[in-house]
Amino acid sequence: MKNNTVAVFTSGGDAPGMNACIKGIVDYAFKNDMKILAIRSGYKGLIAEDFIELTPEMVKDNMHRAGTFIKTSRYHDFFKPEIQKKAVEILKNHNINYLIGIGGDGTYRGLIELKKLGINVIGIPGTIDNDINYSETSLGFDTAYNAATENIKAASESMRSFDRVFVAEVMGRHSGNIALNVAIASGADIVAVPEKPITADNICKKVNAVKAKGNNSPVIIVHDYYPYYDELLNKLRNVCKLEARSQIIGFVQRGASPTAYDTILGWSYGIHAIELCLKNKFGIAIGTQNNRIFDCDIEKSLTYPSNFDIDLYNKFDI
Amino acid sequence: MKNNTVAVFTSGGDAPGMNACIKGIVDYAFKNDMKILAIRSGYKGLIAEDFIELTPEMVKDNMHRAGTFIKTSRYHDFFKPEIQKKAVEILKNHNINYLIGIGGDGTYRGLIELKKLGINVIGIPGTIDNDINYSETSLGFDTAYNAATENIKAASESMRSFDRVFVAEVMGRHSGNIALNVAIASGADIVAVPEKPITADNICKKVNAVKAKGNNSPVIIVHDYYPYYDELLNKLRNVCKLEARSQIIGFVQRGASPTAYDTILGWSYGIHAIELCLKNKFGIAIGTQNNRIFDCDIEKSLTYPSNFDIDLYNKFDI
Amino acid sequence: MKNNTVAVFTSGGDAPGMNACIKGIVDYAFKNDMKILAIRSGYKGLIAEDFIELTPEMVKDNMHRAGTFIKTSRYHDFFKPEIQKKAVEILKNHNINYLIGIGGDGTYRGLIELKKLGINVIGIPGTIDNDINYSETSLGFDTAYNAATENIKAASESMRSFDRVFVAEVMGRHSGNIALNVAIASGADIVAVPEKPITADNICKKVNAVKAKGNNSPVIIVHDYYPYYDELLNKLRNVCKLEARSQIIGFVQRGASPTAYDTILGWSYGIHAIELCLKNKFGIAIGTQNNRIFDCDIEKSLTYPSNFDIDLYNKFDI
Amino acid sequence: MKNNTVAVFTSGGDAPGMNACIKGIVDYAFKNDMKILAIRSGYKGLIAEDFIELTPEMVKDNMHRAGTFIKTSRYHDFFKPEIQKKAVEILKNHNINYLIGIGGDGTYRGLIELKKLGINVIGIPGTIDNDINYSETSLGFDTAYNAATENIKAASESMRSFDRVFVAEVMGRHSGNIALNVAIASGADIVAVPEKPITADNICKKVNAVKAKGNNSPVIIVHDYYPYYDELLNKLRNVCKLEARSQIIGFVQRGASPTAYDTILGWSYGIHAIELCLKNKFGIAIGTQNNRIFDCDIEKSLTYPSNFDIDLYNKFDI
C-alpha cells in the first residue's frame, strides 16, 4: 500500500516547464512510495473530480513538451466559498494528503483559501510573465523571452532589408520582465515597460535619435498592455513619416519547447515539493531567491514588491 | 582588367535564401574574372545609382542570414516609361553587361520591360509565397513554411492545455502554398486556401466534426487574405460556443534563417545565372521544374497556371 | 466489422518522418474503416508476433517526434528462408491483407522476399542517407542535412575565432548526398563524397588554395566512410602545419525533429500507401520522381543507378 | 578628442556571449566618448600589436553570433616575464587606460600579471565550462548546456527506437556543471561528473537498475575527461550485453548562437565594465553572485572553491 497521496494540478496560463515539474514530482514521489494523482484542468477539474493517477512512464514522454499535459483552465467560480468547501470535501474523499498547485497569482489565491480550510498546500510559480514577485524567476519565463527574442531577431532581418521601423508587442501582463529581456537580447533599440511609462511621443523622439546615429531600422519592444500602441504606429507613420511595421509575437512565447533552464527549474521545484511533503512542511510557496531555492510562506508570497530589474532597465535606457 | 560586369539586385519582399543566391553569383563570377556590382534597394537604388562592388568576403558572412544584405524596396514609379529609360541609361553608363534581379512577379515585370529596352536580364524567383508559377519553388518558401510550422506547433501546445480552438493566419498573398504545407506539417485539422474558397460556416462545421472525433483543440490555418477571418472567430465563439484564440504568424516567416534547402537552392540559382552569362544567354527566368533547374523565357514566365498542389490539398481534405 | 487489415512496420535505421508517415497511414485507413496493426521493432517483431493496434490518437502525439514510435531493429536472420516462411504464416494468422514496410534497402529486400511468397507488400523509403536510388528523396534526408548543417555552422563559428581548419564527418553510408548538401548549405569549402574519391593530399592542396584566397578557417566535410580520415588530420597538422579540429556529427542527424518537408513527405507517402491498398495495388515501392509521387515495381526499385546529384557536385567543386 | 582609451580582448576558448559583451562595452564607451580598441587574437595579438578600432556599427551585426569576432588564441609564451614586460610597453605606447579581458582562468592569470605591472585591468568570465568559481555563471554556459541538451534529446529519440543504451560525452573540462545540467534537462538517467567520481562498474549497475524499472534506453552523460569512457562502453557491450552507442557532442556546445540569457549577461557585463572604468575602479573580476552582478578582487577570483551545485547533483542522484 502507498504511504501517502499527493495531488498535483496546473492552473491559469500554461507555462513551459510545467511538465518537467510534474516529472520531478512524480519521479521523487514514486521513489518514496507515494501515490500521485493529477487533477486535470486545474480548479475546474477539482470540482469535476477529474482525477488520474500518474506514473513515471507518463511523465517521461511529456517532460520536453510545452503546455501542461494534465491541462489547465481559468475557473473564476473557485472564489465562491461554497465551491471552496466542495473542493475540500472532494480532496478529503480522495484521501489527498498534500496538494501541489503550479501556476500564477490566481492559482496561489485559491491555494491560500484551501490552506485556510485545512488543506496541506504547496505552490510552485509557473507563469511566463515572471510576475510572482517573491521569486526571482518562474517556470516558463526563460523559454518565453528566448522564443520572443528569436522571433524578433528574425523579423528584424526583414525590417533591415527595407529600412523599416519595427514595433513588436510581447507578453508579460503587468510586468515588463519579458519586454526588457527581449529588448536587450534581440538587440532592439527602445523598450516600453509598465514600470517606466513612456508616451508615444517620447518613443518617436527616441526613434529619431536612433536614426540620427545611422541605424535606419530601429526596433521597439512594447509590453502587451502598452496603452499607446495604435497612437505610436500612427505617429511613426504619419508624423515621423517612417515605414513602420508591427507584430504581436503571440503564443510562441507560451508554447515553445522549454529551455534547458526551465526544464531544470521545473524538475528541481518538483523534487523540492516532495522533499517538503516528506518533512511535513506545508503552506509554502516554493521559489528562487539569490539564485537558490527558497521557501516562502504562501500567504506572504503575494505581498512582495515588484521583481522587475530596474538596474537592468537603467543600463538599457542609457 | 575584369572581363565583364554583372549587376545584381533584390526587389520586392525579402526572402530567406537571397543572400545565399548572391553568394553563388559572386563566387562564380569572381572565379570567371567578372566584376560584380550590387544595386542596393532594388529598382529604387538603380535610379538613385546606389551601386557597390561585391567581394567574396562580403558574401561569406551574410549567406546564412535572412533578408537581403543589399537591401530591397517596393518602387512603383518604375512602371513609368521615362523612369525605365533612365534605368537603361544608368546601366549603360556603368557598363553593366548582365543584370540579375531576384524577386517576385513585380521584379520580373520590371526585368521584362528592361529586356524590351535592350538590357541582358536574368530573373531568379525569390518570394516566400512560392507564387511564381513557372517554378516549382522559389527562394524562401521552404524556410517560410518551416518557420510558420514551428510557431504553430508551439502555439498548439498551449491551445491543447486549455482545450481551445486555434486560428492561425499565415502568409502567401494569393497563393495557398504556405497555408497548405503548414497545415499538413503542423498537424492542423482544417485549412483555408484561396484556391478552394471556404465559408466561415463550413469551417465551423468541420470544427464540430473534428471535435466529435475526440479532438478538443482543432487547429485552423488560413491564408492571409482569408475574407471571413473576423466572421470565423465570431462564429466559433458565439455560435459554436468554443473558446477560440487567433494569431497572425507574421514576419518570422520572412526573417527566419534560411533552411539548408533554401541556401542550396539560392546558391545553385546564383551559380546557374553566371553560367548563363558565360554562355551569353539572357531574357531568362531561372526556376525549377521536375526537381531540376529550368530556364524559362522571362516573358512567358508569368503566364503559367497556378503551381498550387491540388493533389496534396485533396489528400489533406479527406 | 473492419473491412481489411493493414500492418505497418519500420525497419533498419530510424529516420525522421517515419512517425508522420504512420500518421498518414492510420488517418486514411481509419477513414476507410480499415484496421491498422503496427508490427513493433521491424522483422524481429514480426517473428515475435509483437503486434499492437494503432488509433488516430496514438499517432497524433508522435507525428513531430524523430525516431519511430513503433520501434525498429536490424534482424539479419530474416534472410533465412525458414524465417520468411514463418513470417508469412504469422501474417496470414493475423489476417493481414496488406503489409507496409518503411525503411531502406534491407527493408526492401525483405519485402521482396515476402512478395514472392504471396504477401501484398508496399515499400516506403525511410532512410536519412537518401540512398534508395529510384526515389529522388527519402524520409529523413531533409532533416538530416539540415541538422548537420546547423551543427557545422555552429562549429565553424568557433573555428573562425581561432583560425582553425575543421574536418566534419557526416552520415550517408555509401552515398554522398548528405555530405554534398551539407557542404553547400553550411558554406564549407571542400567536400569528400564516395562518388568522387579524393585523397588526403588533394584535400590538403585545396585547403592551401582556400587559405591563399584569405580564408583562414577552411571547412572540410567528409562522408562517414571516408578512408583517409586519420591521414587527412595527420597531414593537416604535421605537413600543412595547421591547427586542425575534427568532429563526427553523429546522431543529431538521425534524431532531430522532422522538418516540415519530411513531415509532409512522410504523411503523403502514408496516405498514398492506403490509396494503393484501396485500389488493390501491391508489390510497389512508393517514391518521388520529378518532384511527384511515383510508384515503382518493388523488385526493380533496388536496381536504379545512383541518385547522387553530380551536377550539383560539379557546381560546388568549381 | 576622445577622453580615454579602452582595449578589449578575448582569450582562450571562445564562448557564446563574448560578442554581446563586446557590444555592451562599445555601446557604453561610445556614449561616454571613449575610444575602443580591440586587441585581436588575445595575448598573441597584444604582442603582435594587432589592434583595430571598434565602432557601434561593427558590434551590432556580430552580437548574435557565437565565437568572438575579434578572435582568440591560446598563447603560453605570455607567462614569460619578458613577454609580459613587452605587453606593458605596447599598452603604454597605445595610450591604453583600461584593459578588459574576456576569458577563463588562463586569461585571468595573464591579467593578474599585468595588474602587478601597473596595468588597469578588468576581467570578465567567458567560458562555457562555468569553472570560474567566484561567479555563479560565465558567458556561454547557458548556451552550451542548452545546445548539448538539444543534441542529446535528438539522439535519444534514435536510441529509443532501437532500445539502445546511449553514452554522451559533453564538455566541461574539470567541472561537472555542463554534464549535470545536461543530464537533468535532457531527461538522462545517469551522470558522471568529476566532482563525484564513479567507476564504469557502478554506472553499469545503475544501467541495470534503470532497465529493471522498464526503461530500455538508459542515457548516460559523462564529462569530457571521464577516465573510464572506453571501459564503460566495453562493459556495457560485453558484460551487460547491451547494444550501446556513444557520441562526443563536440563543438556545437561552443558555437551555438548565444541564448537570450547569455546575450543579456554578456551585454550587462560589458556595460558594467565601462561603469567601473568611469569610476576608476580596476583590478576587478566581474561576476555574478546571488543572481546579481558582483565585483571580485581579480587576484582573489581564482581562489574560490568549486561552484558545482552539489545539491542539484544529490537531487538527480536519488
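In order of appearance the chains are A, B, C and D, and numbering begins at 1 in each one.
The rule is simple: a residue touches a chain if its C-beta (ideal position, glycine included) is under 8 Å from a C-beta of that chain, and two chains touch if they have at least 3 such contacts.
Computed from a predicted structure; not experimentally measured.
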Given chain A and chain B, the chains that contact each of them
none
Farthest chain from chain B, going by mean C-alpha coordinates, please.
D
One copy, chain B, sits on the other, chain C, after a C-alpha rotation whose size in degrees, in steps of 5, is 180
Between chain A and chain D, what distance separates the C-alpha centroids? Give it in angstrom.
28
Centroid distance [mean C-alpha coordinates] between chain C and chain A, Å:
39
Residues of chain B that touch two or more other chains sit at 153
Contact residues on chain B for chain C in the complex?
23, 27-28, 31, 56-57, 60, 63-64, 136, 142, 145-146, 149, 153, 181-182, 184-187, 213-215, 259-261, 263-264, 267-268, 271-272, 288, 290-291, 312, 315, 318
If you look only at chain D, which of its residues touch chain C in the complex?
10, 14, 41, 65-69, 71-73, 147, 150-151, 153-163, 166, 245, 247-252, 254-257
